[in-house]
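Shared chain: subunit A. Partners: subunit B in the first complex, subunit C in the second.
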Partner chain A sequence: MSPITESPAPARSAKRTAAASSTPTGPKESPLSRISAMTVMLVFTLYFLVPIWWLFVAGTKSSSQFTSTNPLWFADFNLIQNITNLVAYRDGVFLKWMLNSALYAGAGALLATLFAGMTGYALAKYRFPGRELLFNIVLGGVLVPATALALPLFLIFSQVSLTNTFWAVFLPSLVSPFGVYLTRIFAAASVPDELIEAARLDGAGEVRTFFTVSVRLMFPALVTVFLFQFVAIWNNFFLPLIMLRDEALFPVTLGLYAWNSQVNQIPELRGYVLIGALLSIIPLIVLFLLLQRFWRSGLGAGSVK
Partner chain B sequence: MSAPVVLATAARSAALGRPGQRSRKIRVEHPTAIVIFIVPFAVLFTLFYLVPIGYAVYQSLLVIEREGTFGKATEVFGGLTQYILVFQNGPFWASIGRVLSFGVVQVPVMLGLALIFALLLDSPLLRGKRFFRLAFFVPYAVPGVIAAIMWGFLYSPNLSPFTALTSNVSFLSADLVLWAIANVVTWVYVGYNMLIIYSALLAIPTEIYEAARLDGAGQLRIAWSIKIPLIMPAIVLTGIFSIIGTLQLLAEPQVFRSFSSAVTSTFTPNLMVYSTSAIPNVNLAAAFSVVLALATFVLSFSFLKFTQRKEGK
Partner chain C sequence: MRITKRAATVALLTAATVVLAGCSTSASTSDTAADCAPADGKVDLTFTSWIPGIENVVDVWNEANPDIQVAVQTGPNGNGGTYANFFNQLEAGNAPDLGQIEYDALPNFRVQDGLVNLASCDGVMDAQANFVDWTWGQVSFNEDDAVYAIPQDSGPMAMFYRADLFAANNIAIPTTWAEFATAAEQVRATGAYITNFSQSDINQFAGLVWQAGGTWFGNDGSDWSVDLTDDTSIKVADYWQDLIDRDLVSTQPPWTTEWDNAYNTGAAWTWNSAAWGANSIASGAPDTAGNWAVAPSPQWDAGDAASGNWGGSSTAVFTGSKHPYEAAKFALWLNSSSESLTMLNESANLYPAAKSGLDLPVLKEGVEFYGNQAIYDVFATASSQVSADFVWGPTMTQTYNDVSDGFKAAVSGKGTLAEALVTGETATIDALKAQSIPVKE
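Up next, the complex of A and B:
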């Protein structure tokens, strides 16, 4: 994971895509290899999509039809009714969980991206003593798994009586060592020193230069960091599991987990878990679709050597 | 002057509530800007990474002593006592062994599939690339907990759409449940790893392949001799993240406990940390965490070094 000196991936991948679509396919590819390639991909498409299809179909059924009808095809279409029931259940606690997740992940990832971006930029564009050491410590942080930190974080937060609060889950989410790594690489490659010099000559301060000029050039990397962090927080399980007791503070993952572990005592929860699981997937899919372009180009930057 | 100095300066100026204004001057250009840029991250990194690691190490060095059987409990320095307990703890090593055998199978399968899909997406053999890219990536939008709940239903003989299969093979039995979980993890992460590798492939300029084509090399040959060596860094990156993920398995087995009695509270190392801290035996749980974090670090670091050396040859 040495610092990268190559030009940023997005420009090249754009060129590449254009080239690929204009070049006709060569004579080398036999129909046999085309067919086998398509077969492999289609079989795995089933593997990836059938479970989600099943979840969608299950979400449209009433509980009586759930076990009595074909699991992979629709019966009476009860989707709206199921969603209404889920939202009404226990004073709308499910909506509360969705909002909590959106807040933990949205605000958390936004701030984490800002902080990581500023640090990555400073590491790439300024010289100061201890810069490499700082970067190496942060790189070490990339290798420290979040779950290993959860227990000591819980112990520390209980010392200051902050467990079972919003902050116990929110504050630790603001740190993204991987974001620093990625933005440093990206800033080094895509923010020209000459441009910063030009901004200086125009009388802009360093901070203003960063926010008006550099941030735009670093945008693909920043979107990537945001998405990485958003997904990491949205999916985070151990930290909320260990920190939170109050149901009103749960993110949606923890809430559905709690319901799922009570299915044996309260069988009606099974339907709520299924429809809740279906609804909880939608925000991330929408986010991926909206930010797909940036997300992919930024991913490449992190892995180029 | 070193990073701790920067971090200390950062912490101090944050404590003053005026980041960057009165920090000690290091003779560099634009010191104020540097401090403003670095302080927020440095403070948070210190508080939520460095301090917890330090605190876990500290807690792991303590033992609880009681005066008599029911006497007052006090924490005293116990040296490596907890670590001796860790090394004597059979279930902990069994759980490490379990995730290692999981990783030895699951990580190569997952990355192998991701590599094949990425190479196919990058080859001229496929139609509908956008569709496949999206379809394979969709499971990544499903959080581990939710994916585990879903597959838990899919594996259950009475609920599954594949009753013909699930009534004959009990995926939730003690023999198979580890691999049932491996399938869930693979299902979620293949598309993600595929995209990382695919992005690396896109970054290779097409001109590189032209000479090989003129020499008559087919897609397979180009993939093996040109593409794979060039995207090795991306594969290494996905490998490291997968190793970290494997040793940290928690959400999926935790969910599967409600579907299968074969998943015990000591099934994976992280489940052990969780159940030990819930007893509560905080000091032993801290020692487990430290050993686990060290193991993760050593394993991913040596994987990195190993692959770098191989590349150099």
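Up next, the complex of A and C:
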């Protein structure tokens, strides 16, 4: 028994040393394929991380050193100074944009998740005429890019004088066809009909059943929808670009874009755009780390059943 | 069930159509308000501009004019999205009263009937004498009795150069393009480049054609003509093609880190650019402070005195504005009062289009970065040497894109600059036809 179980371990370590001298041995786990897999992963990791690293390094430099020093390594560390300058520029308009983004994305994603969850749940658990038609229309909605809807939305909002208001960006964010799709699949798989029956027998109304029983079971899916929607709203750029003209309403993406387009006139703005971009991705990173646990299980849950 | 659903859909669609139709009629009736009479009582205007710090300038106006209050709206620069927004807003009937429009985009708005002719507004025609002649040509399209915007700033071109490097290497400052090519060889011998040919700045190239006396577009009142390939344009294109072929100029994309770096490290020695470019060099190449100077643009024939223009914008009043009289009054103040022009120069380096603006005290001082040379005197002279004949076409964004594609290819060895102009001309004529704009061929 013991020689058999122990034998793979030395073999493996032998393979590892063998790999260094590039003589592949056993057919089971070819170091070549292992190395190539690792290489591919490493390349992609670098591909994704280098721009963020560059952004971080650039954000710590003073404007005079920005062009004259190695773009991927630090010069004098001016991060705090840069952030202070950015926040002070134009009476802190950058902070206002960050707050706007947080409001659009936070409140928008929360309500969108609620609506999508309720719709998906209803589509999964109630039988009513036109259910499939409705679901197919929602599925079609997944295919329509948000960009294509921006201009028609602008014309519609113009009719009711809502352009250039908070609502012009907020209301369209509340719709998430993908969320409806995901929550429907998830509710069908994870909310047993028997449990709903039981709740009804205990005298709970439909709304109460949804909020006290079903929501808990659907939680991973709801977190996933929230995260997706939050990122989508945070990164949404075209809709605010078309709708908004008042600087005080801008989300951070549009604000930074506007600054970046003025770099030819005011070259100092380049530094502010860089440090602003760095700060603007922090909320997304934090949110991902906090919700990672939930949304991972959420993505996997629907797939096996 | 299905029938009721269809009925509901039809009802919804009908309602939407009625709403849309209702609004478009109301939008077209407001067009007739362009007879330019003062309103009774207080007027509120909206003004969209992407100039950083313009709200401070407008605050000064609002303070002094309680009856004409202006609210500033903003966005990215024109081609970055604000022009597209203007067209959407004109379509939807909620365009602002006033908007910033660069000279090269004005014909597009004119063709789409987006601009109010301000000629009948009080004081507008009298203001002509106060603006540099060619800038007035840009906003009137050289039509009689027509003013479609008030000129704001301009970009007369001259040559920024590294005075210290030219002196240290005993190379004469070129005054003609022939001398420039000779100097380019001498500079190349030291390992550096005399300048960078910006592969995507068609505006800069247009400025060089403008200086050489070329014109790309024409309009006889009914038809447009397109001529990107006249002898002058081809002459300019061939000149730069030759320098590129002989590796005498670098070809980095403009406004990038590499581009800044080339100037900062002395790898590039000159830049033929506009007055507003002074700040680009100063902030992009901080290590070279004090070593730069400005000379007039090299000429095609010795003894000539011609200059080109790169950039510049105007303030236009959009159709649909109910108060063109007050809007014109504000636009005139914004672009010709010394108070406003000084502030605009300080906050955004705008170089005025108003003649009086060229003599602002702030534009008479020596500039430290340029060895205390009073560089704006050179630009003031250049401004008076810009031809008034140059006309922009109504589809400039498309023209820029098409020519720029060709330029980028030429720089990497596929095709030539002249071929890019030929392609650009064909594409522009097609684009005009596609929009039913009459073209003469």
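The rule we apply is simple: the second predicted complex is superposed on the first by the 272 of 305 C-alpha atoms of A that agree within 3 Å, B and C clash if a C-alpha of one lies under 4 Å from a C-alpha of the other, contacts with A are read in each partner's own complex, and residues count from 1 in each chain.
Quick note on the criterion: a contact is a pair of C-beta atoms (placed from the backbone, for glycine too) under 8 Å apart; a residue touches a chain by one contact, two chains touch by 3 or more.
What you see is a predicted model, and the numbers here were worked out from it, not measured in a lab.
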Superposed partners subunit B and subunit C on subunit A - clash or fit: clash
Which of subunit B and subunit C A:77 touches, first, second, both or neither: neither
Which of subunit B and subunit C A:141 touches, first, second, both or neither: first
First, second, both or neither for A:210, with subunit B first and subunit C second: first
Contacts of A:129 with subunit B and subunit C, given as first, second, both or neither: both
Of subunit C and subunit B, partner touching more subunit A residues: B
First, second, both or neither for A:118, with subunit B first and subunit C second: first
Touching partner for A:167 - first (subunit B), second (subunit C), both, neither: neither
Which of subunit B and subunit C A:242 touches, first, second, both or neither: both
Contacts of A:67 with subunit B and subunit C, given as first, second, both or neither: both
Clashing subunit B stretch [against subunit C; choices 203-211, 221-229, 275-283 or 293-301]: 275-283
Subunit A residues contacted in one complex by subunit B, in the other by subunit C: 67, 71, 129-130, 151, 154-155, 241-242, 254, 257, 260-261, 263-264
Complex contacts: residues of subunit C adjacent to subunit A: 1-2, 5, 19-20, 23, 48, 50-52, 73-77, 80-81, 84-85, 88-89, 91-94, 96, 255, 257, 260-261, 264-265, 276, 279-280, 283-287, 348-349
In the complex, subunit A residues that touch subunit B: 1, 9, 12-13, 15-17, 19-20, 23, 25-26, 28-29, 33-34, 37-38, 40-41, 44-45, 47-52, 54-55, 58, 67, 70-72, 114-116, 118-119, 121-122, 126-130, 133-134, 136-138, 140-141, 143-149, 151-156, 171-172, 174-175, 177, 180, 205-207, 210, 231, 234-235, 237-238, 241-242, 253-254, 256-257, 260-261, 263-264, 273-274, 277, 280-281, 284-285, 288, 296-297, 299-300, 302-305
Residues of subunit A touching subunit C in the complex: 63-64, 66-68, 71, 129-130, 151, 154-155, 158-159, 161, 163-164, 241-242, 244-247, 254, 257-258, 260-269
Touching residues (chain side subunit B, partner subunit A) in the complex: 1-7, 26, 28-34, 36-38, 40-42, 44-45, 47-49, 51-53, 55-56, 59, 113, 116-117, 120, 123-127, 132, 135-146, 149-154, 158-161, 187, 190-191, 195-197, 199-200, 202-206, 213, 216, 218-219, 231-234, 237, 240, 244-245, 247-248, 250-251, 254-255, 257-258, 270, 273-274, 277, 282, 285-286, 289, 292-293, 296-297, 300-301, 304
